[in-house]
């Protein structure tokens, strides 16, 4: 059982990294970014190139010291990967999304769907049509983290869970404690009045979209480093799952996205062995259930980051 | 003035029935559209255009017309319309393969009934929700249904069911057991009839007090409630009507495709596509969704045969529509019309257009570059 | 609350705010037509006119929120129309919009602090906490609701918060769009006296008001606006006694 | 007669409505004004009466004359749209109209609803002459004929308020609850709005409950005054209280005597 | 001189049109399933190239158009027919294949499916067809080869429990079903767990955790492509191979090009359908002997069984066409060609195949232990067992589960 829960937390952590970006973008820009899954896929592909290159510079681990070196190198690589998504996200926002903020929200859906299709083919152009696999997963699992505390569980999963928690903590700190974070929230709430107190909303929006892309990319890197591979179309399922997460948690709520991710992660992992046919449906059933009991989601905040 | 021509605000309107009137331009467009629909089979015979792709597009367009009732009037974005489309398709398939029903029309009836039932059920749960919650809740029901069908042996899992009562031949239409080309033609004209009737019904509906009540609900729910409109009930009714359109389209799809499997009929992205068809064609219009359906389906189905980067082609085209045809394809026709006639008079404008597009592109790029520079390097 | 130190972009000889020949458009309609307006340093000015005359549109144009087809808007002699809108508050205009437009989901105090964070540096705010406390002293009804999220305030409390937020910019010019609307009489009196206090602190004020009766008590000078044009201006007492102007102001006669 | 019995509503710690018991419409066409400082709970009370909010405690009761006797009906928990059917109609402090419809279409919705025609499938333009006639009357009554083809969102603030009230009237109310119908309306029009309301309520015997901050209007038009303060009924009675009750004057007007 | 040459080669003077043969292949060209699809494409292209290098089919050159099959099976086939293709190949998807069969019968243009493997398809759903064929073995061959392999390695007596991890769609369910029937029949083993992760999932840890908890003797998996690598990667990370005696996977080898060296470690046995390039021994027959090098230099991958699904489908049709021309002395009609294809036997680098009278291909099935080949820098099989077609699939016309039941 413990292992199932851990598996769920692992899964939930990756989901959180994707869904949190989506939540932030939705909360601040009011855009349901259908291309978000592709940003995540882009992260996975970029990780293949960047981490592949970086990890190639050090040998695979043989002892504790080399293991730590290896782990640090891979972590640095995934940060670098996510950093690539910053300008990509910023550029997409400035060039395509900015002109349509004032339009009916359905056009935003159509536009981001268009971006989704274009991004898919950009990745196809750069990395080819077949999946690519980074292949440093085994190396990371040789880092003996879990044996040290006496449980036998893949180091990588623990690593991802920790990163998920760290990302959550950072985001909460950023939006709740820092001035910039609260300025971003203000922008989310009322664009015009933000302008009227001296906030450059354009730049805030670009920044927020870039941050959202950053975490999507980070999530992508995590999957790519992990047992999965980067493939075209990998973003679609996660996109739909992130919808589920942000609805369960409450739109625009970071706490909600975190709790939602973990709930989806853990429940699907715990239910699957007993009711295998439900594996696909669990997140959606959970979503229906939550919404029927609590229509605004667990931490419903209607478009505000909190 | 004759029985069919009436004068309103100094313009001659063509009067079809009580409360159904068309302006001159609309009448011409409608006539052209109808003729185009009728001669599609002939056109495709002499051109490389694909008949089935257009047929398929019209079907999806019909579903999009139904979805548009929610989108345009109650201002609810349904992300789960494939639920009805899929249920409609599966109803036909189940009748054919599990109950050996051989009449195509009976299958369609089954589609409508099944879609009604499922939309009554889903509608009951979602009618009270708004905005993105509505969108995502419909999506959730859609996915639950998808997962259910995918897991169910009765529906033959991911492989789906055949819509061939005897295993090999298509169902009978109007009691006729037709050859494959004959079947396609008859089915096509059946589709056209269904489409035209559905459009007329929808037209009538949205121009009735009930349609206005839906508009009112879309624009301000609280106020609608406080003028005495039972909001949830009406949304529910609209939802069911919209679902019936979806089911009908799904049933026709089953008859066309003769095989129904979960992914192309029930998956969440089919819902998305139906939604995008409505927007693409112009969701502020009655017929726009049909056009959007034909265009989007055609692109999705045919582009892979011609270019390697077919997704990008579709994507770029959608971007172009959003940025340059702000009301969708049909919705923008009036503007394009006046724009064109102005340009015919003053060709200089054309040069300006090119310049504007060029400079707006340049602006977009430089804007993107600046912002990115600021974010990455922090320099202002 | 003192104005920040000298700024070389300023032209000391010109009025604080100078709007000339302003034509603003809303949704493609021109709503003001060649409107002229001035506010001098330390002056309180009202813009009075019936509903829909164009008061709000004028203010929004000054804040860069409504597109301007023609004309010029200068603050300290500096043209605002060429400026990105977010710089305008940093130049010293605090704005209380007609509908409160508070930052919901945040507390009253956060609503006061935000402008300081974004523009405090540009406005020369030295002690953030002191400024915030000063505003709470001004609106002591809000003291209790300090940590309430603003969407839960009553109509009047919200209005006060909106004014307070504008003050947090430590502005040279405060623009108040119908500050008295929906306020209980007791609060109306209070707000009036706050406005006097604000004026006493060397902050200029520009007020829109559709209820003419309050105006003479508050301002030194007023403009009468009708259908997007200034039709008269001058001393409020004098203007208020003019029959025809009275009609226009009160939104009667056509 | 509309009765509030021991209504209580709490928002967290804050008791916005504190055991309020009131009756409205004991006499036909009564005009009641609710006044009180900002945050006194006026809007909340109206929300409770019309069903936008559910009370934590207490009930809302309608008394009706039937076959010579009076019948009591507890409408607590009834949906707002059904209360409209009971004759309970309201307007909003922040204008709520159908923004993308023209003025006429806005009013039409209300009138269609009154006639229970919103489920009708007959075309709007044909066969509803009685409806159209009523719309004309309403538009005339509220001086909105000139702008009847304007889209609501482009209207100036004052006209929007008028439209909001006109729609409420179109619903043929027995009890009309108006939340600051004159706020933001220019002085002259204020009187006009109130006068229209008075006329209509007298003609049709409509009981109106109006929240108002302008004491001049209150003094002029009120049959009865209800003062709310900190969620409680602070005073109830004749408008002359405004002149005579010094505690009331302090609370409401800030006049220390 | 023309006449003289004609006498030497009977096909050359046959009445054969000059224009090239137009053919179309639909396959997964992108995304996760392209791991199989692109191999099939390479295979089909290689076959066509070799045909053309050898003077075409009865002198006719062959052209091949490739299109992505994803979701558009029927439309793809119809479009090919509209374009006047002489023959079409594909798809890989079993649901796509099921959808197409009646249409193929209606359009009467032969289609040879590369894959499309659900057993019931030709046994039950379409027992009597004319124009629709599939080259590939059906599921029963893979699943039963896996059963036999497990028994071979561990011995029937020491298999008491088994479990399965299979992709969540018709193919995976069918394979698990057949495997269960087979292994229970042969060993009396009991199923302790059966999980169906989503096709193309990114996490199987739940199922692996369950396996670890149950510690079955044999784990069966029909995962392929990314799912197969995922299974091995997460299996290793979670020490699954310490908890089970044996993993038999029907097509793990299909991911040969994606696997790392450390993944193939452990008691992992994989099927490779009808083709493994070390088997059957190919030294003496150059088309087979050159294949691996040719594919590695041309495409940079080692050919897997899925390569052979493309290669074989084309070859089945091409050899039958040539046979028909030599029989008829002219280019055959579709119907004639379809008749020749029935019970047609032919060689590919995978050995000898027959196209059964039930329209599905029969060939030997290969199973071996997964190891690492330094030479090809890819996963490889060692100690390959070859199971004869008649031992792992029912005779044409018989239903698989009945046949297994009769063991």
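Per-chain numbering from 1; labels A, B, C, D and E assigned in written order.
Note that in this section contacts are C-beta pairs under 8 Å (C-beta built on N, C-alpha and C of every residue); 3 or more make two chains touch, one makes a residue touch a chain.
Fair warning: this is a prediction, and the values are worked out from it, not measured in the lab.
Undergrad: If you apply the touch rule, which chains end up adjacent to both chain A and chain C?
TA: Chains in contact with chain A as well as chain C: not a single one.
Undergrad: Quick check on the contact network: minimum steps from chain A to chain E?
TA: 1
Undergrad: Counting one step per pair of touching chains, how few steps separate chain A from chain D?
TA: Step count on the best path from chain A to chain D: 2.
Undergrad: Which chain maximises the distance between its CA centroid and that of chain D?
TA: E
Undergrad: Could you find the two chains linked by the most C-beta contact pairs?
TA: Of all chain pairs, the one joined by the most C-beta contacts is A-B.
Undergrad: Taking each chain's centre as the mean of its C-alpha atoms, which one ends up farthest from the centre of chain B?
TA: C
Undergrad: Could you tell me the distance, in whole angstrom, between the mean C-alpha positions of chain C and chain D?
TA: 31
Undergrad: So what's the Cα centroid distance for chain B and chain D, whole Å?
TA: 43
Undergrad: Using Cα averages as centroids, what's the distance between chain C and chain E in whole Å?
TA: From the centre of chain C to the centre of chain E is 77 Å.
Undergrad: If you average the CA atoms of chain B and of chain C, how far apart do the two points sit, in angstrom?
TA: Computed from C-alpha means, the inter-chain centre distance equals 49 Å.
Undergrad: Name the residues of chain B that each touch 2 or more other chains.
TA: Chain B, residues with two or more chain partners: 150-151.
Undergrad: Residues of chain E that touch two or more other chains: which are they?
TA: Counting only residues that touch two or more other chains, chain E contributes 168.
Undergrad: Could you pull out the residues of chain A that touch at least 2 other chains?
TA: Answer for chain A, listing residues that touch two or more other chains: 124, 277, 280.
Undergrad: According to the definition of touch, which chains form touching pairs?
TA: Pairs flagged as touching, ordered by label: A-B, A-C, A-E, B-D, B-E, C-D.
Undergrad: Could you pull out which chain E residues touch chain A in their complex?
TA: Checking each residue of chain E against chain A gives 29-32, 34-35, 38, 168, 193-198, 200, 202-207, 209-210, 212, 225-226, 229-230, 233-234, 236-239, 258, 260, 262-263.
Undergrad: For the complex, which residues does chain D have touching chain B?
TA: 50, 52, 79-82, 84-85, 89-90, 92, 96-101, 105, 108-110, 112-114, 117-128, 167, 170-171
Undergrad: Spell out the part of chain B that touches chain D in their complex, as residue ranges.
TA: 18-20, 204-205, 207-213, 215-216, 219-220, 222-231, 234
Undergrad: Once bound in the complex, which stretches of chain B touch chain E?
TA: Chain B reaches chain E through residues 50, 52-53, 56, 150-151, 156-160, 162, 164, 167-169, 180, 257-259, 261, 263-264, 301-302, 304-305.
Undergrad: Show me the residue ranges of chain A that touch chain E in the complex, using the header's touch definition.
TA: The touching residues are 3-4, 7, 10-11, 14, 124, 129-131, 133, 135, 137-138, 141, 152-154, 156-157, 223, 226-229, 231-234, 237, 268-269, 272-273, 276-277, 279-280.
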